[in-house]
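Have a look at the structure that comes next, please.
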Amino acid sequence: MQVNEYKPLIVAFCCNWCSYAGADLAGNNRLSYPADVKIIRVPCSCRVNPMFILRAFQRGADGVIICGCHPGDCHYTSGNYYTRRRMAALFSMLDFLGIERERTRLEWVSAAEGAKFAATMNDFVETVTALGENKRLEDLRCKK
Amino acid sequence: MQKITRDVLIDKASALLSDGTVSCVLGWKKGEFDYDVTPAVFTTHDELIKDFVFSDFCGANFSKYLVSKTKNIEGRILVFLKPCDTYSFNQLLTEHRFDREKVYAVGIPCEGMADISKVRAISGEGIASIDTSGDKMLVTTLYDDEPVEIAPCDFLAERCINCKSKKHVAFDELIGEDGDVIDSNRFDEVARLESLTPDERFAFWQNELSRCIRCNACRDACPACTCEKCVFDNPASGIENKSPANEFEEKLFHIIRAYHVAGRCTDCGECSRVCPQNIPLHLLNRKFIKDMNDFYGEYQAGAEVGMRAPLVDYTTEDLEPGEVFDRRDTDA
Amino acid sequence: MRKCSLDKLDLLLGEIAKSNELYLPVDDSDGSAVYKKWEKGTALSDALNTVRSPKDFFFPQTENLMEFKMQGKNIEIIDTRSELEDFVIFGVRACDVKSFEILDRVFLSEPVDSYYAMRRSHGVIISLACTRPAETCFCKTFGIDPASPSGDISAWKTESEIFFEANNEKGEALLSSLGALLQDCDNEAVEAQKAKINAIMDKLPLKNLTTEGFGGGKTAELFDDPHWAELSEACLGCGTCTFVCPTCQCYDIKDFNTGNGVIRFRCWDSCMYSDFTKMAHGNNRLTQKERFRQRFMHKLVYYPENNDGLFSCVGCGRCLAKCPISMNIVKVMKTIGGDKGE
Amino acid sequence: MNNLNETLIPKVGVITDVRIDTPDIKTFRVVTTDGEKAFDHRPGQCAMLSVPGVGEAMFSITSSPTNEEYMEFSIKKCGCVTDWLHQAEKGQQITIRGPYGKPFPVDDVFAGKDLLFIAGGVGLAPLRSVINYCRHYRDRYGKIDIVYGSRSKDDLLDYQEIIEEWQKDEGVNVYLTIDNPQEGWDGHVGFVPNYVKELSFDTNKVAVICGPPIMIKFTLDGLCDIGFDKTDVYTTLELRMKCGVGKCGRCNVGAKYVCKDGPVFRCDELEELPDEY
């Protein structure tokens, strides 16, 4: 019964210089994406510590997506290149522990790509909705 | 058995002590039984004669001790390094964790170290004595008159069965002949787990990690874990030094622990050796090593001083996280 | 004394489990023994003892104490405990049974710790005499007889049978409830078993370990012993010894913010950890030497001083088997105690 | 009284008043939600205050037991809990449990004696409870001397009360000192241990010292120099505490638990304990 109404909680870490502006643009252009995407603005995608991602899952996120500038376009020259390596390692490790790989994603969204931002979020929400609730990285104490 | 004997090491240490090359010796001290050796600092020939041991049970990696032992000492400290210890030694030097000038490193050959829990599983509890002088280990228990014979393949620690190198990558002096880097099967178990379904992998790790008592021994023994203030010591982290309240915290601790040494871990295997609950923690570290080898090219932490670890480096052509899985799926 | 043949042990355990939750040592996937809840088909482990001590049953590693709900400036305190069912722990070794007495003196002395007391009152302990003591055992040093364990019910296992003797009303009530599964018998077989165990005890390498030189009132003499520095030299500062120890009872109280309230819980803590005594304005045990000393002084001097000479160690040997650097209470006792210069 | 069966479960307390004493010390008035005192205590005892989600910490009760309306805590801002408390406003609820520890022997040892109180900085907080208790039962005690010092005039705790009440009491002498000369201060300048030596009290009295560890140490030495016996000097200790009832195992000095056997110790007792506080 509840499955039909299930709406995943998504945490999106967005780079201040691109994806966050991309999200703004999506809003300005009246492009819709689910309200269950909670955006957290970070100064650069490489600010996202693996602990942030695990914490998000602990606090009830069903999916975590990190959005940064396209490779080569980092405001700080190379931040997103590091992000790419770090997230490749982390996502692979989560997968190794048997945690659904579709729950984490890294996307490059520029400030001009409002449409891409909305599309990415819609796609990600759809993917996570299909997966259902996050059970493998949940902290029961944080569930009501 | 080890090719090198206690006497050779004592002679070497005594000579270096008496000619003033070193002021103290980091070595193994005998315990109550034949297997419970403790790392200790010796300063005289007499102390060495009295308590120094070298046997199949001298598995502890001394490199990390150098961080604390090189502080506040006069002169240099002699340390005996097995091949795998030398990788940690280099890695610590890369990270400027101790003063190279304060150390006199003597490389010693290693035939692989024993895992006492494997020995116990075969001999049964109540070990009265262990003779490691022959090719096979002879274990006498309180309950049997005849010793049990155990072959190396049955008593060697997992990390030694899959030894990655008999080559010393750092030393001031070498005793015996140097060996070679070995083409080991150390990633086989990781690959096996990767080939399982996510559900199977989840069940595997759930079972292993559920035994964790958060004693922090894996962190405290790890030669790559040398932060002055660890995130797991920081009350603001909310998970400092305390037992895991649930499965989430078990995973959080072990993911972050392994992640923090990713690219710096030399695969010395101390984490699994010290785990009182026999959790195969080295598999998490090896997963990172294997991934980085696959994604960014072969890399062995500690092979040379001053190398740049994969996670603090990049190329503009790196794989996207999504492609990582695509690639593995097509491989499989 | 009553007995049951070993092939009926499963039936017997099933009978106990009908009205109580039943826990017993079973073989874990890594080859060591662990206390697990009995289900049909669960077999009693042959291992000498479990890696984790049974103190978990009364003093769990993590335990919620209460919850707070906050709204604006207001706080509501909620006692989240629910009533416990009776439970039975089967197969507790003599040393571990003794450890309960040591914990009792801490938690049941005034003011009583109600969390511990509640668990304790609901637990029935069926001890089991050792058959194969290990080289790491030194319970005799603390006056414990592994051949005659206490507990609510004592049990002895021979090749083919298992024998039971109730030590109090609680135990008697449980044994009586098992009815026809048990037969009355004399204690001949048990006496023979005891003799066998005692013969082994005389062969143990640590049989001569003595507590001489330790005990209440020894603080001044031992606190500044020069050997503490060398003993603690290699200590990694991990919590292995404290967490496998059946008598270590130090705990921490912490808050966890769940996002919709605060859970206050307590969990085991270790005097070996660097932040154990850390305060806002400093730490009175700055180096591992002081933390290391605290652990052994507590067990061998402070605790006996406050508890009529009872030592806070039961000689189970867990720390001997599990310390990553093989430093342990036996080495400490031999170095600074009565055996000095042996 | 605190329910003995539920030692770890606190009561809800309300902060009804916050007084700014010094730049880093505030005094909080706490009552239960019914507006009553949370529990009775003796001079020198402590209570565990907590802010859920932030932490719990032990504080000495600075108000006198003779105050039947409320309890007061003088708290210096120096850690997580205290930082949070310093931001709290009137009406904020916290939790409180206690009383913990052994009080000062005000009714036996102190009775009929001349008393000397020596405090430094926030160390006055635990002593204020005894001082006001002794002032309340003035006829039970002899002469009362109070030496109190702080870094500067602004850092003197309870300054108004000292000036307006203590100094006006008969048989009560207050000697104030600050570490360095300051404009608008015409009193004594210098460290407490030296001042105590200068004042050269007669030794037929009971002394109580509280302050930073270094001050306690030098003051005690100073008192011994002018002829005091350690059996006549008391002090209070502070270590990290979690349970408050001698079970969590961290506040021990030797075989003594500060929360249960202390915090009040006689200096000769203290001397027998290992030097680990």
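The first chain written gets the first letter, and so on, giving A, B, C and D; residue counts start at 1 in each chain.
Basically, a residue touches a chain if its C-beta (ideal position, glycine included) is under 8 Å from a C-beta of that chain, and two chains touch if they have at least 3 such contacts.
From a predicted model like this one, the values you see are computed outputs, not experimental measurements.
Novice: On the document's contact criterion, could you list the chains that touch chain A and likewise touch chain B?
Specialist: C
Novice: Centre to centre, using CA atoms, which chain is the farthest one from chain B?
Specialist: D
Novice: Which pair wins on C-beta contacts, A-C or C-D?
Specialist: Result: the pair with more contacts is C-D.
Novice: Quick one: chain A and chain C, Cα centre-to-centre, how many Å?
Specialist: 46
Novice: Can you give the whole-Å distance between the Cα centres of chain A and chain D?
Specialist: Roughly 53 Å, centre to centre.
Novice: Find the geometric centre of each of chain C and chain D from their Cα atoms only, then give the gap between the two centres in Å, rounded to an integer.
Specialist: Distance between chain centres: 40 Å.
Novice: Would you give the residues of chain C that are in contact with at least 2 other chains, written as numbers and ranges?
Specialist: Answer for chain C, listing residues that touch two or more other chains: 252, 256, 269.
Novice: Which residues does chain D have that touch at least 2 chains other than itself?
Specialist: 80
Novice: Considering chain B alone, which of its residues make contact with at least two other chains?
Specialist: 235, 245
Novice: Which residues of chain A touch chain B in their complex?
Specialist: Per the touch definition, chain A meets chain B at residues 50-51, 54, 57-58, 71-72, 78, 81-82, 84-101, 104-106, 136-141.
Novice: Applying the document's contact rule, which stretches of chain B touch chain C when the two form their complex?
Specialist: Touching chain C: residues 31-33, 36-41, 60, 65, 117, 121, 124-128, 142-143, 207-208, 211, 213-217, 219-221, 233, 235, 238, 240-245, 273-274, 276-279 of chain B.
Novice: Show which residues of chain C lie in contact with chain B when the two form their complex.
Specialist: 28-32, 34, 47-48, 51-52, 61-62, 132-136, 200, 203-206, 230, 233-234, 236-240, 242-244, 252, 254, 256, 265, 267-270, 273-275, 320, 322, 324-328, 330-331, 334
Novice: Would you pull the chain B residues touching chain A in the complex into a rising list?
Specialist: Contacts found on chain B: 190, 193-194, 198-206, 231, 237, 245-246, 248-249, 251-252, 255-256, 258-259, 262, 284, 287-288, 291-292, 295-296, 310-316, 318-322, 324-325.
Novice: Okay, in this complex, where on chain C does chain D touch?
Specialist: Against chain D, the touching part of chain C is residues 65-66, 68, 70, 73-77, 79, 106-107, 110-115, 216, 219-220, 223-224, 249-253, 255, 257, 262, 264, 266, 269, 271, 276-281, 284-285, 290, 294, 297-298, 301-303, 305-306.
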